[in-house]
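Two complexes come next, and they have one chain in common, subunit A, joined by subunit B in the first and subunit C in the second.
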Partner chain A sequence: MRDSINQIIDSLLGPLAGLIRSLQEWLSPILPEATWAAYLAFALYVLIILGGGFMAILARNLVRAMLGLVLAFLGVAGMYLLLNSPFLAFMQLLIYVGAICVLIFFAIMLTRNTAEGEEARFPSLPAIGYGLLAFIAPLLVCGPIIALHSGQIDVHVPLPSDTGVLGQGLLSAYVIPFELISIILLVAMAGAVYLGFRGFAPRKKGQSQ
Partner chain B sequence: MDLSLVTFAQILVAVLAIIGLMVANAVVMVYVERKAAGFIQRRPGPYEVGPWGTIQAICDSMKLLAKQIFVPANVDWVLFFLAPVLAFFPVLLLFLPIPFGPYLTGLAVPDGIVLILAFAGFGVLSNLFAGWASNNKYGLLGAARAVSQSVAYEIPLILALLAIIFQTGSLSLTEIVEAQGSYPWQWNILVQPLAFFIYLVSLVGETNRAPFDLPEAESELTAGFHTEYSGMGFALFFLSEYANMLLVSFVCATFFLGGYKGPFLDGIWWTFIKAYLIMFFIVWIRWTFPRVRFDQLLNINWKWLLPLGLINLWITAIIVKLLP
Partner chain C sequence: MTTLTFFLLAALLLLAIGLAGLITRRTLVGMLISVELMLNGAGLSIVAAAKSTAASDALGELATLFVMGLAAAEATLVLAMILVVQRRFGKILSEDVSLLR
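Entry: the complex of A and B
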């Protein structure tokens, strides 16, 4: 039964697929090669990341700034796709867009702030200096490493990795970094709870509100 | 991944088919919902337009298309118009990895369920932007409720799905269906009844449907985050709400009810029968249960569903480890 259905579907879709394949062969001199498509996608993602980043910094109200952050995260997810690891790309969206940004939005709503963004004044000169320092620091660290070891860096597209292999790596060879990251999250959470409860005096019994 | 023209053509055809499915689903479900609500509340429901009121939903959508788009003063223009678009378009992607039939999958992604969960986050974001941008206190309150609700209900939902993923050892929806048999006693619902229950409760919370429709509670917030939307903006929110319902029903059918497998003859019909039974269940409980209070909503989640989900996952992990 299943085989006969399969045959029917094949006979229906076969000519269509053949038509598209012949179209592809016919168009192949005009169509860009895969590497060019990859460069194009890379440029697009870089533009999205930079545009989102600038929007996050320069926007005068917080929610617009968060929209910029979402754009930047989207671009990074695209970069992961380009690196042949769709699982990481989806996780980037799931965690950063689906959870982190939503929580930032929550924080914006809990704090008193107006739509016009009263905090958005032009930053002071030292603040700009610190910002530039923070911008240059990764370059200062990563630049020499890349320059010294440029011969050893593999610039080829990595092979698609199996999600199972990734999980086994995280729980065997890289288990200590993996656990350390969760400790950082725990510390951050404990700090948030401490800061949140510091202002409150414990409520006396029988006292309403 | 092979990025040939064939793949592009396949994605294009799949997306077009999904748009058709979304629109047809919304039209049918609006009618079913109003008729079912009528019968549950002992009134006739729509009956004037067409035989038994069947054309009512089409007339309603025509009205929405023709309506003037009204924009209140001092809205954030970019976010106000981005929000409905952001609600509608990611849903198209979510239907791609679902195996509708043995040979009918939009795009067989190896990590299909991760794709669905990743892009489902944009729905919440659109609710937030809509509520915030419309410069309306009801909208803002609706958005604030949407954020805490969706953050909360996403966790037990993922925990319930994780139990099945542990058991199958795969993130691909097709492989999860293949691991189940054709008859009801071979489906995951009998192996993981607790996970099924947790998923069923949190899917209602995740799709913002009554009794968990706090972000748009009509009697408190007029319409919550989409109070200020009219015409096509409202229609896009409406379409994406019904599409989200359909999506969680399809995922539920795939994970717990054997997907396209069924007695006598496997095929696309079983997927649709199961998904629409769950859709009818969602409609049914909307008109049967009263809306919960907001603290009750969060307590159900954090004090009951989350510990239950964790215990279920823990037991599943132990059994999977002991019985390979």
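Entry: the complex of A and C
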């Protein structure tokens, strides 16, 4: 186990490997190897999420912001893999990266909003202040609650989940939410097509679109 | 500090980043990107709480699947709205379309 981890670290990091190996030696009395690898992967995914998220909200070019969003989605998919639910990780890639990002790309491309668009200017000073406040407020309100109270819950290592159980749940216990989601998707698609087509019709006099 | 704490803090970071982006972004597309970040944090916290406590695993994963479906529907509708706003106003600045008429 430890040999394969060391090989991966060597091939990925090169010069940094020695530093990480000494950290691993230092931590090995406390944490077993598998746990250590899990913590390393978690830290990597958090870094990916942070980088992607800040790229998504700070980039002045909206296409770059969308690429940051893809990066954050990939980090969250890795978190799902760490939580031992690979089906959700693949759904994350399929729905978010595959569908929603394509929609956002259409929205960017259809609105002349790339490099010299309205987002190219920096936000005003009050907006930056409010943004900082909005970043700090959830951390200050929810962070202490999570840090203080979530340690009291009995936690076990996530067990591998059975996709068959998910399918049975969709067709037995949770069939009404499942059907409701289908109806919501149908209505949303129909509404989007209606909104999209209505604008192309020639506008008559006195009709307020 | 358990593993659940770390996952919940990561989800909280996604929420905070998305909220900051929602405030500072000037166009509707940028706000859509920030909302997607926040929805992702919600899904992550639901799955982490369901998988690592005594709660039902399938319930948490299905809830996150529903969140993903709702996010897809929401993104579709917002794309249509952005197209309409672009066609009527010529730009998609959120402060220009703050009046409902």
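Keep in mind that, in the parts below, the second predicted complex is superposed on the first by the 110 of 209 C-alpha atoms of A that agree within 3 Å, B and C clash if a C-alpha of one lies under 4 Å from a C-alpha of the other, contacts with A are read in each partner's own complex, and residues count from 1 in each chain.
Note that in this section a residue touches a chain if its C-beta (ideal position, glycine included) is under 8 Å from a C-beta of that chain, and two chains touch if they have at least 3 such contacts.
The structure presented is a predicted model; accordingly, all values stated were derived computationally and were not measured.
> In the overlay, answer first, second, both or neither for which of subunit B and subunit C A:Val76 touches.
second
> Counting only touches as set out at the top, which of subunit B and subunit C does A:Ser85 meet: first, second, both, neither?
second
> Identify the partner contact of A:Gly143: answer first if only subunit B is touched, second if only subunit C is, both if each is, neither if none is.
second
> If you stack the two complexes on chain A, which partner ends up touching A:Phe106: first (subunit B), second (subunit C), both, or neither?
After superposition on chain A, A:Phe106 lies in contact with both partners, subunit B and subunit C.
> Count the residues of subunit A touched by subunit B and by subunit C, then name the partner with the higher count.
Tallying touched residues of subunit A, the top partner is C.
> Given the touch rule stated above, what does A:Leu93 touch, subunit B (first), subunit C (second), both, or neither?
First partner only.
> When the two structures are overlaid on chain A, which partner does A:Leu44 contact: first (subunit B), second (subunit C), both, or neither?
Neither subunit B nor subunit C is touched by A:Leu44.
> After superposition on the shared chain, which partner residues are touched by A:Ala56: those of subunit B (first), subunit C (second), both, or neither?
Touch partner of A:Ala56: subunit C, not subunit B.
> Tell me the contact category for A:Ala190 with respect to subunit B and subunit C: first, second, both or neither.
neither
> Based on the A-chain superposition described above, do subunit B and subunit C contact any of the same residues on subunit A, and if so which?
84, 87, 91-92, 99, 103, 106
> Across the complex, what residues on subunit A touch subunit B?
Residue list for subunit A touching subunit B: 1-2, 5-6, 9, 17, 20-21, 23-24, 27, 34, 37, 61, 63-64, 67, 70, 84, 86-87, 89-94, 97-99, 101-103, 105-106, 109, 115, 160, 163-164.
> Using the touch definition from the top, list the residues of subunit C that touch subunit A in their complex.
Going through subunit C, the ones touching subunit A are 1-10, 12-30, 32-34, 36-37, 40, 43-44, 47-48, 51-54, 57-59, 61-62, 64-66, 68-84, 86-88, 91-93.
> Flag every residue of subunit A that touches subunit C in the complex, lowest number first.
42, 45-46, 49-50, 53-54, 56-57, 62, 65-66, 69, 72-73, 76, 79-80, 83-85, 87-88, 91-92, 95-96, 99-100, 103-104, 106-108, 110-111, 113, 117-119, 121, 123, 127-128, 130-139, 142-143, 146-147, 150-151, 153-159, 161, 165-166, 169-170, 174, 177, 181, 184-185, 188-189, 191-193, 195-196, 198-199, 209
> Okay, in this complex, where on subunit B does subunit A touch?
1, 3-6, 9, 74, 76, 78-79, 82, 102-103, 109-111, 114-115, 117-122, 124-125, 128-129, 132-133, 135, 140, 143-144, 147-148, 150-151, 154, 169, 171, 265-267
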